[in-house]
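Please find one structure pasted underneath; my questions will follow.
Labels run A, B, C and D following the written order; every chain starts at residue 1.
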Amino acid sequence: MTDIPKYKLVSRQWKNKKTIIDVKGCKIGGDDLFLIAGPCAVESEEQIETIASYTSKLGIKFIRGGAFKPRTSPYSFQGLKETGLSLLKQVSNTYDLGIITEVMDLSLLDTVYPYTDIIQIGSRNMKNYHFLKEIGKTDKPIMLKRGMDATMEEWLLAAEYILLGGNENVILCERGIRTFDTSNRNTLDIAGIALAKQLSHLPVISDPSQATGNRDLIKPASLASIAAGADGLMIEVHNDPKKALSDGPQSLYLEQLGDMMPDFAKVAKAVGKTCSWSHKHEIVNV
Amino acid sequence: MTDIPKYKLVSRQWKNKKTIIDVKGCKIGGDDLFLIAGPCAVESEEQIETIASYTSKLGIKFIRGGAFKPRTSPYSFQGLKETGLSLLKQVSNTYDLGIITEVMDLSLLDTVYPYTDIIQIGSRNMKNYHFLKEIGKTDKPIMLKRGMDATMEEWLLAAEYILLGGNENVILCERGIRTFDTSNRNTLDIAGIALAKQLSHLPVISDPSQATGNRDLIKPASLASIAAGADGLMIEVHNDPKKALSDGPQSLYLEQLGDMMPDFAKVAKAVGKTCSWSHKHEIVNV
Amino acid sequence: MTDIPKYKLVSRQWKNKKTIIDVKGCKIGGDDLFLIAGPCAVESEEQIETIASYTSKLGIKFIRGGAFKPRTSPYSFQGLKETGLSLLKQVSNTYDLGIITEVMDLSLLDTVYPYTDIIQIGSRNMKNYHFLKEIGKTDKPIMLKRGMDATMEEWLLAAEYILLGGNENVILCERGIRTFDTSNRNTLDIAGIALAKQLSHLPVISDPSQATGNRDLIKPASLASIAAGADGLMIEVHNDPKKALSDGPQSLYLEQLGDMMPDFAKVAKAVGKTCSWSHKHEIVNV
Amino acid sequence: MTDIPKYKLVSRQWKNKKTIIDVKGCKIGGDDLFLIAGPCAVESEEQIETIASYTSKLGIKFIRGGAFKPRTSPYSFQGLKETGLSLLKQVSNTYDLGIITEVMDLSLLDTVYPYTDIIQIGSRNMKNYHFLKEIGKTDKPIMLKRGMDATMEEWLLAAEYILLGGNENVILCERGIRTFDTSNRNTLDIAGIALAKQLSHLPVISDPSQATGNRDLIKPASLASIAAGADGLMIEVHNDPKKALSDGPQSLYLEQLGDMMPDFAKVAKAVGKTCSWSHKHEIVNV
């Protein structure tokens, strides 16, 4: 074989100290459990406003929301595009929230860049190596979702492409892999979260929504992720999941999210993490 | 289709109350976290005695150990057979431990039956339907491991075969499914643990050893299983893992197991479980 | 690792000459393409008689048919048992057909043995190692189906168990593996057929019915199997597929089978195989 | 669900006539078996010249060769880029060959466009929907490789994106899917080739090199693909596979390709296809 498919910059051997990414006052990869919540896609001003108002009261500092939506079918909702970005910015200003949203293609980087605090690379782009090289030249933190068919080594090598571009602020996000069992949308690779943390110094967060595709499983999948050592969670939530234009079945109702946050805090503390937001959540659902 | 592949007796619709299995003083499926520890295979009197002495001090009430070992290669160690069973019985008597061991084939049922408290059905036998029907006629609790290629529905239908035989004391055991990613031996289906508990009234336990194949991942996989709602854990441990005749790389050192038990208790308590053994573990590694 | 999971007796290194199994006048693994046809399950005298009458006219020398049926659901048809075996024997006598049927469990071996010419081991039993050891002591040819989750090495090691028992007349049968794509029931591992023949001296046949689960794909999957070097085909056919008690969607109509046999012969000849039955098939559908 | 993930333009229901793509004198999707051969990557003038000289003598009308190479590791050879494209053009002129090469990213489209006759979309880009939309606006034929984790429906929906862009000249290319079995690099979905042809009017070709990753399996995988109804083959061949900078183990030696072409023709004829190149291959290896 002429290939040498081994990562270097992302490894613990290269840097034996956890990478902590400081963005909008959050220290991702540090002691505090990092939380992102928001809808799959930005759909309207009312929607994103209602959601952001609620999640910010919970103490969640980052909002997610797709503006350019990659969809399996061309006939599905494709996102509000620039309008969606503006709406994210609006709630970000109102509630002092960090934004994470996806750059689907290099040609969209300039459009998305001014709006977002963390650039999301979707699982479908994880093996788009030209894209990874170029995105590595940017100066904003990048969240790299694991491809649904990516081995651990391929995932870490994808991050290596970004670090080689010069950007060391990469957050790994496990979001489930594709397996034969379709009782869940994907199979959350919980041991993979722990393994990624052992092999790499980069922060690792979990996306229980994409992994399970089922709102009834978000809570146990979230608690398990925290217990396995995840540095954070990215959770889909919607003000009206039944009418969601995408991923409704895996979107939490707002109150469900509020209800489960005390449990997040309990498990986080059991494994030695802090929850700077935990003083907030008790008052929300009153 | 002429098939009607839907389970009934195992479902929450049929029995909307958790099944709690009372065996050797443990109430599996109840509030207390159930623990099993022991070697992959019984190898010698010294081995099983050393292990049992240690795990019993930790407060672990059940010992595992294969006597008839199903192995991928006919040239691998195949177990001590009846001698292995006798050794299990010996330590069971000495330390008042419950025994769980596998019945590999109906023809071995009469041999194994007198020795074991819980009959283990291995993942390779999960779709052996004639076997399931017959084993369902026995009166001892049965632990049904999930096949590495079994969907959730197939797993629950396998349990249905046993319940139809008349034996309602079935414990489901998630032990990882086979996926494309070989960085772990199998992929622990953590959301599947939660889903099985939602769909069925049967207890569900987790086998982090078989799932990960890697002793460095046993702790996070165990904590995640507890957080996801597992009723118990079955963990492989060995007095000398480097010389183990099978599954050495996934066997914990004795001290490792002792060290992680306080963390099991912390996470268990965080999700509302009790740990009757937790008063014991503090003194062991002193 | 203490394991040495490498096969020996089944390998080309051990025996550098193709194993040819002579049974009921067929030389399986030789130059002639070996064909088996019949229903998934024996359902009635009329059913098996109609099918056998037709397939024997096509020159097909072996009939398949399940008597004890392993089914995912306990509520599905479980086979006619001894009655099914008797019906197979009856058509075998009438039309001079060889029989292949499954032994689901060791406890059924004595029941099935007198009726069958080739003992089928189902994919669900491929990793039932105690069973493999015992079945290897019999003196009839054995067809070993690949487990749907079995790697090439695991499949060959399963055959090794049988050869170690003393029975060298093993036929390997590729029947599709389980993958994420459910557009087919399983994924026929066509390159695996070729690889098995390169690694082993044993005959390898293909089961396009179980692999695809879709009668519209039986013909291309069969032609591909022949082209890849399969020594034979086992095909499900039914006199009334819409009313079949099992596997109807993947059962050919009788006439479909007759229609495709000239194409089997053309491709077989293109890759250097003979078809002793090919003089027969032209007259059947007239 | 708000999604409607069903394809339309690519379906047989929409257009009940096979799409035949006429490019450089080849009619892809017609009666003649279409062949592409060439190295994984263009490495040097001598390499591509030697290969093109040989394959053109075999009557193969199209050459493949990567100039921009997507590689799992950033430390692997990444292609000669524009130089590679120029070298392809040079041999194309000398030997009157059509060119197929990959566009890895939209930003590279303008660079690659003037050189290539067919635009290849790699499997890693199959779910890059923004890219698919934009590439659909081009006027050259497009070969869309199936993603290694793509279901049949997802593959056809990806093609639908391109057709919606206005480009109807799409060739589907099956190149193996990722499964648990790593004895082959990927698992060639042979029944998927037949299924794609039944569901869609688009041409479907097979890439046995990428599918198997093993030069010893290229011949049976190719013959099987032809027998299953593939409209063509794309095969990796190298003048010195042991020194290849990428994919050496799956690259045929030149003579191996020449030797197997008469067999391609025999199987093609057996399933009713013509081989306009077949008068050429006999004289090459003399």
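As a convention for this text, a contact is a pair of C-beta atoms (placed from the backbone, for glycine too) under 8 Å apart; a residue touches a chain by one contact, two chains touch by 3 or more.
Computed from a predicted structure; not experimentally measured.
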item: Of all other chains, the one whose Cα centre sits farthest from chain A; value: C
item: Result of counting contacting C-beta pairs for A-B and B-D, higher pair; value: A-B
item: Cα-centroid distance, chain B relative to chain D, in whole angstrom; value: 48
item: Chain centre separation (chain B, chain C; CA means) in Å; value: 35
item: Centroid spacing, where centroids are CA-atom means, of chain A and chain B in whole angstrom; value: 34
item: Chain B, residues touching no fewer than two other chains; value: 149, 153, 178-180, 182
item: In the complex with chain C, residue positions of chain B that touch it; value: 1-8, 68, 70-77, 104-108, 124-125, 127-131, 133-134, 147-149, 153-154, 157, 160-161, 164, 178, 244-246, 248-249
item: Residues of chain B touching chain D in the complex; value: 178-180, 182
item: Residues on chain A engaged by chain B in the complex (per definition of touch); value: 149, 151-153, 177, 179-184, 187-195, 198, 208, 211-212, 214, 216-217, 220-221, 223-229, 263, 266-267, 269-271
